[in-house]
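All chains are identified by letter, namely A, B, C, D and E, in their written order; residue positions are counted from 1 within each chain.
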Amino acid sequence: MITLSHAKKLFSTSSGAITALDDVTLTVERGQIFGIIGYSGAGKSTLIRLLNGLERPDSGSVIVGDLDLSVASEAQLARARPKIGMIFQHFNLLWSRTVAGNIAFALEIAGVDKSAIPARVAELIRLVGLEGRGGAYPSQLSGGQKQRVGIARALANRPDVLLCDEATSALDPETTDSILDLLLSINRRFNLTIVLITHEMHVVRRICDVVAVMEAGRIVEQGTVAELQANAKQPVTRRFLRQLTEDAEAQELDEGFDPYAVDIGSGALVRLVASGAGARDLVLADVARRFNLSLDIVHGHLSFTREGASGELYVEVPAKGQELVEVLAWLAERDIAAEIVRRG
Amino acid sequence: MLEALFPHVRLDSLLQATYDTIYMTALAGAATFILGLILGALLFLTGPGQLLANRFVYGLLSMFSNVFRSIPFIILIVLLIPFTKLLVGRILGVNAALPALIVGAAPFYARLVEIAFRDVDRGVLEATRAMGGGIFTTVFKVLIPESSPALAAGLTVTLISLVGFTAMAGVIGAGGLGHLAYLEGFQRNNADVTLVATAMVLVIVFIIQFVGDAVTRRLDKR
Amino acid sequence: QTKLTVGASYVPHAEILEQAKPILAEQGITLEIVPFQDYILPNTALASGEIDANYFQHTPYLNSVLADHKGDPTYDFVSAGAIHIEPIGIYSKRVKSLKDLPENGTVILRDAVAEEGRILSIFEREGVIKLREGLTPITARITDIVENPKNLKFQANVEAGLLPKVYENDEADAVVINANYALDAKLDPVKDPIAVESGENNPYANLIVVRQANAEKPEIKKLVEVLQSKPVHDFILEKYKGAVLPVND
Amino acid sequence: MLEALFPHVRLDSLLQATYDTIYMTALAGAATFILGLILGALLFLTGPGQLLANRFVYGLLSMFSNVFRSIPFIILIVLLIPFTKLLVGRILGVNAALPALIVGAAPFYARLVEIAFRDVDRGVLEATRAMGGGIFTTVFKVLIPESSPALAAGLTVTLISLVGFTAMAGVIGAGGLGHLAYLEGFQRNNADVTLVATAMVLVIVFIIQFVGDAVTRRLDKR
Amino acid sequence: MITLSHAKKLFSTSSGAITALDDVTLTVERGQIFGIIGYSGAGKSTLIRLLNGLERPDSGSVIVGDLDLSVASEAQLARARPKIGMIFQHFNLLWSRTVAGNIAFALEIAGVDKSAIPARVAELIRLVGLEGRGGAYPSQLSGGQKQRVGIARALANRPDVLLCDEATSALDPETTDSILDLLLSINRRFNLTIVLITHEMHVVRRICDVVAVMEAGRIVEQGTVAELQANAKQPVTRRFLRQLTEDAEAQELDEGFDPYAVDIGSGALVRLVASGAGARDLVLADVARRFNLSLDIVHGHLSFTREGASGELYVEVPAKGQELVEVLAWLAERDIAAEIVRRG
């Protein structure tokens, strides 16, 4: 669907030229959701702007569908564009039109029958959760609401290709998820090809088939999320992936867990916080063997790496009195802080 | 009472002059608005870096739009005589004044249009291009609506200038308040006529400004 | 009811025509007056047939216009009659006669082609300057002054209506003001000037000018007749107190 | 050769007229720029919803800025005579024309300034307020720089109009190309003078437009 | 430092009034980092705009320092504002000034000595990682670069209070982290009070002392991150917290783990994927006891809830042949999929 080969783009500034894109080659298959990540200023927006001809490469070619955008005439581009939706980083709404008017605008350009517009607009407004605000002007909207108008506008003409430049960066997780679900379902149903710039790895993980990592105008790594997770070679990729793990490592308690609602019989509910090398071995198994107790993990979370385990667990220890004290002491020796939450 | 205060003011000629001024301003204003928009859009579009960027055409349009603004009005009228005759059939009177007024004011409004268009947000123009919008869409659905407060305010300025211009149309017997103030007031040294005619001009100007301001504010949804 | 459209300079021509209006109306002629500010368009309008007559120029100017448009069949103007003369007066707050004008003094005249030569002729007649030989007064220009012992500076670039103000503000050693403007500015055009153009044998009588074909039309004849009648003459004499003189020929 | 083509054109008077036009345009232009900016800023700031919003003052300024634009030029000159005399000492000549030219053009530029200021991004004005910027900062560090392309383009329009106005200043002996074209060309039926004077006007106008365009483009970093 | 009581703000639109803030009461202590989360359109931006008087409440009071902004004069506000920095959701940079000029602008307004400005500007440019781009105009910057200029500008006058409206939404995780570190260190060193709107829970978790959750113009819940994690009652809060857990649950492999680099002696490296109720018990301990093997977790991740465990572990099993097969079979019975990755 999309093929970039050896695309190069320079911007000349007073302090010399800036290489925004440096020999970028990539292919996006029809129906693929293609993610682009990279540091600020890496060239992501420039890259995506090549894909609808807003920017032309200084050299190299950009083929979308069967049109080479790098040499297409402005008229050819205009014909192709209604089928290439774009969500802008800065929304770019017309202040002079209402929410409904902004969405209708895309339909008008595409030459949609006038009588069909209102129904389609209403549908799109519902889709992005702006019911009741159709008559509001952009100046009366919050940041996220503006972004959703931009999304609705980009989807209005049921495009074949959708270009998203940080399309969900101004949205809360709930709205982000509903938009991503929407994109996924359109992708599945209509075989929509999506190219998506984002800074949020969970967006990538959630919907991208392939992700390209950009740095200083180049694509330095590319693959499925799983591939990258297994084999990331570039520090920049690892840095992005860490976004996923960090949250995990620091996670403490799941929502809705109430230590006072646990039935612990005559034993105790113990909170263990593990960190560091001592916790590396499977200490709980050792406790079980050594004290001949059947420990039961009620709730919690652990991560294991070669450096050791870290995390927090609520464990039901079927012991009391002196025995319980001994278990805790034994754990403490192994870098595990134990605290009795409740006794049975 | 009024006669005592303004002994030289003749109500019928005052009303006629007021009517003539309004007539010329309204008609020339309407034509100026349309022609100015067209010429302004062309100036903008052919300007450097724009959709139809063309140095030569831009230079030509720019030249053209400046010629008429800088020629003395009476020479403009004489130059336009053949054209006026063709169009209006006469070379005297309010209708005959219209071509010269329009040709004087439209290029001027065109420049204001060009300036207003230049202030339209680049991002929005880019979004329009990205949606496949052509020149028609860009002009009529983006440039004009998005610069509408500036267009309205610019038209207000132009109309008020036109009210001033109509005084000059007096040279071909087009009457109007400015001419009344000049001829009956100034030339005959009747201060009262000058005063009343000028006051009348100010009333018209005030109304134009008031309506213009109101429209400008209504259009502005930013 | 016949209609007659006459283009005229505003003062005093249009004012004089106003007087003829009711009289002509009684005779079944509706007079429409089109005021003009300049000296070109009234002839242009006459040539194009948009007005039936004009009333602003004197014979020397008419002749120069006809010469300029020789070969243009629409410029077949003839005079239907002379109506009045506006003797020009020269005013000064600084001196009492032209002879007293200082060395390098300035003289300001109106910015009208038709008057430049005419005014210079007054200065020549008074012996202040000498113009090049063989010129008709109408075509004489400031640049045609060959002798100017006082080295006077003539400036023909001020709007006629502003000249009284120029005089009032004492902007120059002499200001040349048409009588009617002087009158409006509360000057006495007979007593105040330091020199006046003579009314006798004055070729600068203002004419009713028409196209050849219309010269014999009864309504034109009537117009001239009325303008030359006693009531109008009385009006002129009374209103302009000698600053404008009625003529009959 | 030139003499054969343009028999009535006298070089010295042409040069003098050119000089006069440039002199008047430059001086009146400079004053118009400054006074127009001040008046325009006041109009903007006292307008509805702005920092110094004040219906009454705005109405007064608006009235004031319209009065002079709509009075026939010659009446304006007469009205200004006492003031001109006080300021310049004379009521004739190029310097005496300046007050009338300025008073005619400055309010006009003020309107263009007001329009340009109204197009400045609301967010930037808000950020300025959020940083504690007062009126001085807002006007000099935000409104003027952020609207500078429109201000430059507006000044270009105003200057070109001023070149046209100078023709009218001829009525008080201020000379200039417009008046030359009228007096020597039009009145005397010397088409060659009209042509040459008008061409000269166009050259000046062309230069103003060219420089104005270049400055406008340089200022625009959007 | 900041006290809002019963603040209310309405916006009137053509289709009736919108209650952007509805009786909001909150207190931010000096030196606190106060997070605000909530769905798009909840009223977050409106709330933060009350805190520097850009918006005045329709009723209620807004006290910052010792100034009641709801009644302060514009002159009083102007004096107070240089010490209240604000980072805007839409950057709001002056296009007519360069990066350096935009930062200097804040200093100029605050009346900083002219000669001191260039050094401070250079320092701020370095702080936000825009070295070498000081001469660039906003139109020559990428989205994230613009946001960083906005951040530098807000910090320029060493404010006492910093208001951040989605200050990192356009930034990649690396830049986000460095900005957050910067904010934290300024907060610690200068006792800067920060009010921060964000959609990213890891931003909240990383730096916020307290977080308030907004919904439909009200603060529906408030507390430390840990408190909220333990006791979130509102669905909206849970939804935001889920952002943290989701990533954890889905996490597969840490970066840099290479199963082929593990020394497993003569045993086997087994990948266990646990899910569902059967995995609830501490099965590894049972394996250890039952087969008398000392299992060693090499790498992986587990979450425990009352419904069972889920996650993925790489475990070194010191067994081979028939014994290994039995262990795997035993695990499979307990809802644990086991797969031999390598044999020793």
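To be clear about the criterion, contacts are C-beta pairs under 8 Å (C-beta built on N, C-alpha and C of every residue); 3 or more make two chains touch, one makes a residue touch a chain.
The chain list, named the UniProt way, goes like this: A, E = D-methionine transport system ATP-binding protein; B, D = D-methionine transport system permease protein.
Owing to the predicted nature of the structure, the values given are computational and were not obtained by experimental measurement.
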Identify the chains adjacent to both subunit C and subunit D in the sense defined at the top. B
Spelling it out: a chain qualifies if it touches subunit B and also touches subunit E; which chains qualify? A, D
Subunit A to subunit B, fewest steps along touching chains: 1
Most extensive contact between chains (C-beta pair count): A-E
Euclidean distance of C-alpha centroids - subunit A vs subunit C, Å: 90
Centre distance in Å when subunit B and subunit C are each reduced to the mean of their C-alpha atoms: 36
Gap in Å, rounded to a whole number, between the CA centres of subunit E and subunit A: 14
Distance from the mean Cα position of subunit D to that of subunit A, given in whole angstrom: 57
Residues within subunit A bordering two or more other chains: 90, 139
Within subunit C, the set of residues that touch 2 or more other chains is 38, 40, 161
Using the touch rule from the top of the page, what residues of subunit D touch 2 or more other chains? 74, 78, 122, 179, 186, 222
Which chains are in touch, pair by pair? A-B, A-E, B-C, B-D, C-D, D-E
Subunit E residues touching subunit D - in the complex, by the definition given at the top: 52, 54, 74-75, 77-82, 84, 86, 88, 90-97, 105-106, 108-110, 137-139, 153
Given the complex, residues on subunit D that touch subunit B span 48, 62-63, 66-67, 69-75, 78, 108, 111-112, 114-116, 118-119, 122, 149-150, 153-154, 156-157, 160-161, 163-164, 167-168, 178-179, 181-182, 185-186, 194, 198, 201-202, 204-206, 209, 213, 216-217, 220, 222
Okay, in this complex, where on subunit C does subunit D touch? 38-40, 65, 68, 108, 111-113, 155-159, 161-162, 165-166, 169, 171-172
List of subunit D residues in touch with subunit E within their complex: 51, 121, 123-124, 126-134, 137, 141-142, 145-146, 148, 219, 221-222
Interface with subunit C, subunit D side, in the complex: residues 74, 77-78, 81, 85, 90-92, 170-173, 175, 179, 183, 186-189
